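Got a structure for you, written out below as structure tokens; questions coming shortly.
Lettered A, B, C and D in written order, each chain numbered from 1.
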Amino acid sequence: MNITLSEAEQIVAAAKQKAADINTKMDICVVDSGANLVAFARMDGAWIGSVDIAIKKARTAAWFMMDTKSLSPLVQPGESLFQIEASNGGLITFPGGVALKRDGEVIGAIGVSGSTVEDDHTVATAGASVL
Amino acid sequence: MNITLSEAEQIVAAAKQKAADINTKMDICVVDSGANLVAFARMDGAWIGSVDIAIKKARTAAWFMMDTKSLSPLVQPGESLFQIEASNGGLITFPGGVALKRDGEVIGAIGVSGSTVEDDHTVATAGASVL
Amino acid sequence: MNITLSEAEQIVAAAKQKAADINTKMDICVVDSGANLVAFARMDGAWIGSVDIAIKKARTAAWFMMDTKSLSPLVQPGESLFQIEASNGGLITFPGGVALKRDGEVIGAIGVSGSTVEDDHTVATAGASVL
Amino acid sequence: MNITLSEAEQIVAAAKQKAADINTKMDICVVDSGANLVAFARMDGAWIGSVDIAIKKARTAAWFMMDTKSLSPLVQPGESLFQIEASNGGLITFPGGVALKRDGEVIGAIGVSGSTVEDDHTVATAGASVL
């Protein structure tokens, strides 16, 4: 089962609302379980450099079926996945990518970039809570 | 002057409506005048391979400030721009990318992919007509 | 609002002058607010490897609307943006990229590479001071 | 022997003048004999998509020590170099790249993009005539 565009649009809308509530400007991306783009929005004034980061956060979360923040400790120097970012045309392994699940199954992922990684994760979680 | 997210979302909505009206499933992308992503939507069941094509059509139209179908005759074997697609990380030079203008100035572009190139152009034009 | 070529050329000239004053040879790049190239100069004898670094510094500063040296502490192992360089086809996150502003708005960025990062930043700042 | 920055800047200035004389807006690039960037200028309002094309034209001319228009007939379907554009991260094989020579030796190349290929070649030639 995959996420629908209608669901993805509701997720983006919820993320935009949360971003505005905490006074940030975000790039927001939703991908399906195959890590392929479903919906994207760049809020006015959000960083252009975060377009690619939001997409890569969403894809990373979908590719590994976990939130990107779960990867952060594992990619540090000396840890088991050090330099995994060199794969898949570039991963982003800090917070802001959240797996989207229904009935325990991953049906896609959301990636958010544009503020601190804490804010990014907060907004991504707000989007994911729609499901 | 650049396109706003609100405008881009209205453009995507109009394109989705047109795509449904003519019984197609499309990938739809809107970029700003710097060819950077603003909004994207993949309709349920639309080709995954068209994600990148829709994005490249929009970027090509923004990069050259013209509809992609204007490029098609120029890129044929023996014509002046043959193999221009090798630039900019890949161009798409067939119909479906339409420059978005306000007061004669290019403020972004829409790219549509998922059906025949005629359908793609029709849907892109419907989106662009919102401005 | 975007930087003009005339402004970019004055910025490059000021950066070249500063580079000569401190006895260095630099690669100097100016991009617009969309991170697209406007002007570039490689001083005689400057490192060829710094061509790409100067461009990436300018693009990084434009993409995130901040000086690249603001990113340096955040991208260290264990810090919040560790490995962000895997995005956008490669970022440079050490000093030498400076956002160009007019009336508080980012209108582009300058990137300088060819000496120590302190020298690079000094030269970039001298260029940026033209505005 | 390689082109100097001072020479490259004079070449760019002459190309800009010619571009203005024939009422065009051009992206202009000069590379050295190693195909590495020396100088670049994007005239106000010139296509962003021509940034990469101007650079690739200059590099192609330097890599093969000939004007890009010499390659055009050889890259057509059925001809000997068909699809050579797939090499070197992308070549541009239509007019607008001109080898820069001194005493019969190639010391660099100029690439121009932004109008018809005839105009591009005219402007590149005007730049090259400085030497």
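Methods note: a contact is a pair of C-beta atoms (placed from the backbone, for glycine too) under 8 Å apart; a residue touches a chain by one contact, two chains touch by 3 or more.
Since this is a predicted model, take the numbers as computed values, not measurements.
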Original post:
Which contact partners do chain A and chain B have in common?
Top reply: C
Original post:
From the centre of chain D, which chain's CA centre is farthest?
Top reply: A
Original post:
At what distance in angstrom does the C-alpha mean of chain C lie from that of chain A?
Top reply: 29
**OP:** Round to the nearest whole Å and give the separation of the Cα centres of chain B and chain C.
**Re:** 32
**OP:** Please compute the C-alpha centroid of chain A, do the same for chain D, then give the distance between them in whole Å.
**Re:** 41
**OP:** Pull out every residue in chain C that's touching 2 or more other chains.
**Re:** 34-36
**OP:** With chains as vertices and touches as edges, which is it: line, ring, star, complete or other?
**Re:** other
Subject >> Pairwise chain contacts under the document criterion >> reply: A-B, A-C, B-C, B-D, C-D
Subject >> Residue ranges of chain D touching chain B (in the complex, touch as defined) >> reply: 47-50, 52-53, 56, 72, 75-77, 85-86, 90-95, 116-117
Original post:
What part of chain C is in contact with chain B in the complex they form?
Top reply: 32-36
Subject >> chain B - residues contacting chain D, complex >> reply: 34-35, 60, 62-65, 77-78, 80-84, 86-89, 91
**OP:** Spell out the part of chain D that touches chain C in their complex, as residue ranges.
**Re:** 4-6, 8-9, 34, 36-44, 48, 51
